[in-house]
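Below, each structure is written out as structure tokens.
Below are two complexes that have chain A in common, paired first with chain B and then with chain C.
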Partner chain A sequence: MATSTTTTTPFTFPPTYNFPPFFTPQPNSTTRHSQLQKWSSLIQSWCRHHRTYRLSLVDAVDSPLFHNAALRKRLDLAEARAVVDWMTKKEEEEGGGGQRAEWIEGASAGGNAMPKSVAWIWWRRPEEWADVLVDWIDATGQRGVVLTVFELVQGEATVSQEFHGMDNDVMMKALNVLVKRGKASVFGNEGEEGVKFF
Partner chain B sequence: MFFKSLDLTTALRPLLLPDETLLFVQDAVGLYEGKYKIPDYQNGHAYLTSHRVCYVAAEEPRKYSVGIDLKEVDRAEYQVVKQTVRSTAGFFKSSPKITLYPKPQKGKTDKSRSATASPTVSQQSSLLPVHPSSPRPQSVVPQQAASPKPVNATWICPICSFSNPVPSNFDPATATAATHLPPCLACGIKPPFTTVLKAAISAATSRDSPLPSTTAFPTENNTAHENGSLSGPAGLAGSVSCSRCTFVNHPSLMECEMCGAPLATGGLSIPGDDSSRTDSPAPFFAQSRITNSEVTDSIKLSFRNGGEKTFHERLKGALIQRKWLLQNAPPVPPPSQAGASTSGPAIAALESPQPAAPRATAVGIAGLEQRGLETRMNNQLVIGNAFEDLEALMASAKQIVALAETLARESGMTTNEGASAETNAVLSESAAALGMVTTKDMLSSGSENLYLSELSRNLAEYLTDDRKGILHREGGIMSLIDLWAVFNRSRNGVELVSPSDFQRAAELWEKLKLPVRLRRFKSGLLVVQRYDWSDEKTVRQLQEWMEELRRVPPDESVPWDWTVFGRAVTAQEAAQRFKWSVGVAAEELEMAEDRGVLCREEGIEGLRFWSNHIVA
Partner chain C sequence: MSRRGVGLGAFANRTQATQSFATHGANLRSTHTASLQTQLSVFQSLLHTFALEHSSTIKSNPTFRAEFARMCNTIGVDPLAASNVKGKNGRRGLGEGGSFWTQIMGGDMNDFYFEVAVRVVELCRDTRDENGGLIGVEECRKRVRKGKAIGSGLEVSEDDILRAVRSLEPLGSGFSIVHVGSKQYIRSIPKELNTDQATVLEVIQMLGFVSVSMLQLNLNWEKARAQTVIDDLLADGLVWLDAQGPEKEYWSPQNLLDDSG
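Right after this comes the complex of A and B.
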């Protein structure tokens, strides 16, 4: 994967990032929808580029993601929250961004428990991660082999893989998806989980 | 007398000549030539101006509209209101009518005018030879000729001194001692012939008859109509039968002579009870195109919706004033020219005719003061004279208008130094607009709808008038409130239009198919714009502007790619570019945003609009 290995190259922003009205919530519903979609894809590609799984909005509003220093424009916290909120909603039923984000309840950035301040950004959803894992297992012929979660995330064998260096919680979510599908079983104590693929 | 074709304004009203003023408007009017209805001219507006009587049809006004110059009108007669004719078929009612008789033409012996043996004969003889070829229905029920002539004369019984009406069929020209005379209504004694004859003659002579040669007989209409809405059995010559005791009273009495009951003069036929009646049983005139055709006979205007009394009154006034004579007349001569002309041309024009008193030459401040005093005196005199009575006001209208103009100009100059030149221009032009406006008193009371539709037409004319170019100057769009303010200012503080009337009139534009329309923005702001102006056009204009901004490099370097995004515009810039008011510009920009053409940027610079590059 190109992006996974080139973390040192600067992130290239889409052209709309330099369009000043992009930072103002649009009252027209069509325009607004388009704006939210563009923000959603920007956040996802930003997170993928920076291998970020959980995004703390309080920190992010000062990052180049939400703050265009050249234009001296920024998306403030409330507006960024509105964008992520939209991303958490289902596409069909709620007209949202297709569950590309998920709020982390109780988590907080600076120690104060604040609702909706940290979110998972699903540039790949847990289900999609599960598919990636299964593909890798199949490709390497490791069915029936017991692996530790640590091996999957940090092991030398997965360095070339996209899920290398993945957030542990995300990995567990992906594995849980596989467990539910009956493709794997997880065992062991917390923090020392092992996994067996069928 | 000719039917002349009319030039209509954009608002489908007659285009007035210079100096011509509108006097009265009435709707639901039909046209007759002689006794015959003219097809397609049976439902329209009658406009009485100082120069003309105009008819504009409600349907297809451009096709069916004619005017008659008042200078060709000899006299106007007012036919009895809701005359009831007894005939074998029962009762027929006819709408009140005003008849216009043409002036006799030179070099042409007009039979109808010279042969005035009796009104019945003259009416028939004038009708028949005119269009001998035109097919006419034979079953014409003559409206007038069959009914006996009402006579207003009374004779006093020498026995009991009771005032008896002279019998309707009594014609002093033909009556002899053998004529049957009805007995006195009180004592039943037959009167001597001479008593009745004297009474009839004195009644005819004492009356201010338009036909001075007809003292020999009583004319048919005038006397009976002067009392307005009299009606009664036609056989009793306009006298009114008491509804309580059936005593036949003299028509001028308001109460029954016998029992004192109020006489229901309108009781038999209430005027306006069948207001929207456009089809009357009168036969149709065969000719369909009447423009430029000559009228040797009379013209009748049938008032199906009332208003005939005021119309007749003002028509009489206009015929007396003969404003058309003034059409090319020089303005009222400014008096005491030599002395006053030094005090400025505007003031000089106002000075009233005064014998130029030997003027003591004064110099310095004393001279200036004296001059000022004279000017004030003159103005006072002008105003004083003019308001003495209304006739005088009409006569000195020109002076007053000039004075009003000057006052408006002066007040505009002194009070608001910073006011735009446009406002001043509008104010000073306002006097010119005086002749154009419909005021409430031009219309008969109670005709609210007519007032509104006329006001609506007025407004449309005012807006589309190229001389003023109100709409054009405002970039083709103007808020209703601004228009209301400007319009009322142009009325010089008289006959102001109330906001609710104004709005209702504006709402009628669409219905009356006038060239302006009222539009409501999302925020509720009401604006006025040309009928053919649409949002699409505005959007196209804005898009062109945005394209232009992408080609022209911005003044200072910008962090974004201006060749792609262009630059932001504010409502102020849009207002400046398109000559809109800022409120309208903001609304138009938001309209374009609503359509997804523009998008907004809120920042410390305020609200700005961009071409929409968010929607890919």
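Right after this comes the complex of A and C.
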């Protein structure tokens, strides 16, 4: 996988992962729905464990996430795509997984651009990350202080925080949510943005 | 009456005799009833004291509770029938008209079974999508014991679960207990399993999964019959399909329950 693995403890798979039919799309629609929910929560906790923000399906189909070597079962690319596609849909209107994923347009896989091959996995959505940031700012009394985005993501002060080492694009998305809410302003050139919280 | 009465007087004699027999019978009956009543009231008060004395054990120890309930059943006190009349004077305890459990334990026992019933209903609803509304009593017990939040687990026996499900019956909820092979299941969608379906579920219980050819070989079924039963089970969501092996395999989702996803 493209993103580095920061955690050393092995990921514990849920019991569903050892259930052979889990890897076959279920013909019964009710069962299918339950299956998609289970996949969605598995993908989210996997990505959270490995601090993966963008998931490249082409790479992931050969990782343990989609390939259970012990059972010799796997979720193929088309099927993995169907699951992630379901995750991108809204829960009420489209009967999907509550926007826990988002396709990254124009992302290339192996040189040639392929639609629906890389996706953000939102184990926390940008709005939720924004809340986490605000909580941290409040807890450390840094309202009105100017910080660089680099400091937020890589600085020593945030090492204990969940957003430390976060994907830069996700951080910018979260900050933009705050800008829209009127809780922060972002300035500076691309790559060296600063941010002020109020 | 050493000699047989003759003449008209004999008729009067016979009526007299019958009458005195009747009165004697009535006397006997009333003393008998009286002594039975005393016995019963003594027993009830003993049961009362016993329940009060051991109320904490009854509440916390599932085996003890089951034994106690069985004892009540034997002497004709049905704790469940009593539970269903839980009403206006629920908490006030010893008042007349309250249920059996309410009278002896201040409503705690009612609440206990209702709580278990609520957990069971919740669990059945949550897992209906994955198991088609059929859940093993044992699996159900494990989940109720674990609880959803920290500290919300309930120490229950299978007997408690069964009682709780039966206590739902008057509500017309469609919850029922079905037997498949040696196992008991809670059926939360009112639908009958036919014999073939039950047989296949029993086979899955033993082997973990089935395929059409396994059914053909082991049960001597024709292919069409095996396929129909499996298709029906699949349509009801009672089995999951694994199509990645050499032959399609059908698995029971009963073991998925530990997964809270």
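One rule holds in what follows: the second predicted complex is superposed on the first by the 192 of 198 C-alpha atoms of A that agree within 3 Å, B and C clash if a C-alpha of one lies under 4 Å from a C-alpha of the other, contacts with A are read in each partner's own complex, and residues count from 1 in each chain.
Criterion: a contact is a pair of C-beta atoms (placed from the backbone, for glycine too) under 8 Å apart; a residue touches a chain by one contact, two chains touch by 3 or more.
Worth saying up front: this structure is predicted, and the values here are computed from it rather than measured.
Aligning the two structures on chain A places chain B and chain C in clashing positions. By the touch criterion defined above, A:31 lies against chain B and chain C together after alignment on the C-alpha atoms of chain A. Once the two complexes are overlaid on the shared chain, A:188 sits clear of chain B and of chain C alike. Between chain B and chain C, more residues of chain A are touched by C. After overlaying the two complexes on the shared chain, residue contacts for A:42 are found with chain C alone; chain B is out of touch. Shared-chain residue A:115: touches no atom of chain B or chain C. When both complexes are overlaid on chain A, the residue A:73 reaches chain B and chain C alike. Shared-chain residue A:165: touches no atom of chain B or chain C. Touch criterion met: A:14 reaches chain C, while chain B stays clear of it. In the superposed model, A:95 makes contact with neither chain B nor chain C.
In the overlay built on chain A, none of the stretches 93-101, 201-209 or 579-587 of chain B clash with chain C except 579-587. Taken together, the two structures place residues 15-16, 19-24, 26-28, 30-31, 34-35, 38, 73 of chain A in contact with chain B in one case and with chain C in the other.
Residues of chain A touching chain C in their complex: 14-16, 19-24, 26-28, 30-31, 33-35, 37-38, 40-42, 72-74.
Residues 15-16, 18-24, 26-28, 30-31, 34-35, 38, 70-71, 73 of chain A are the ones touching chain B in the complex. Taken in their complex, chain B has these residues touching chain A: 559-561, 564-565, 568, 593-594, 596, 599-603, 610, 612-616. Those residues of chain C that touch chain A in the shared complex are 128-130, 132, 209, 234-237, 240-245, 249-251, 253, 255-256, 258-259, 261.
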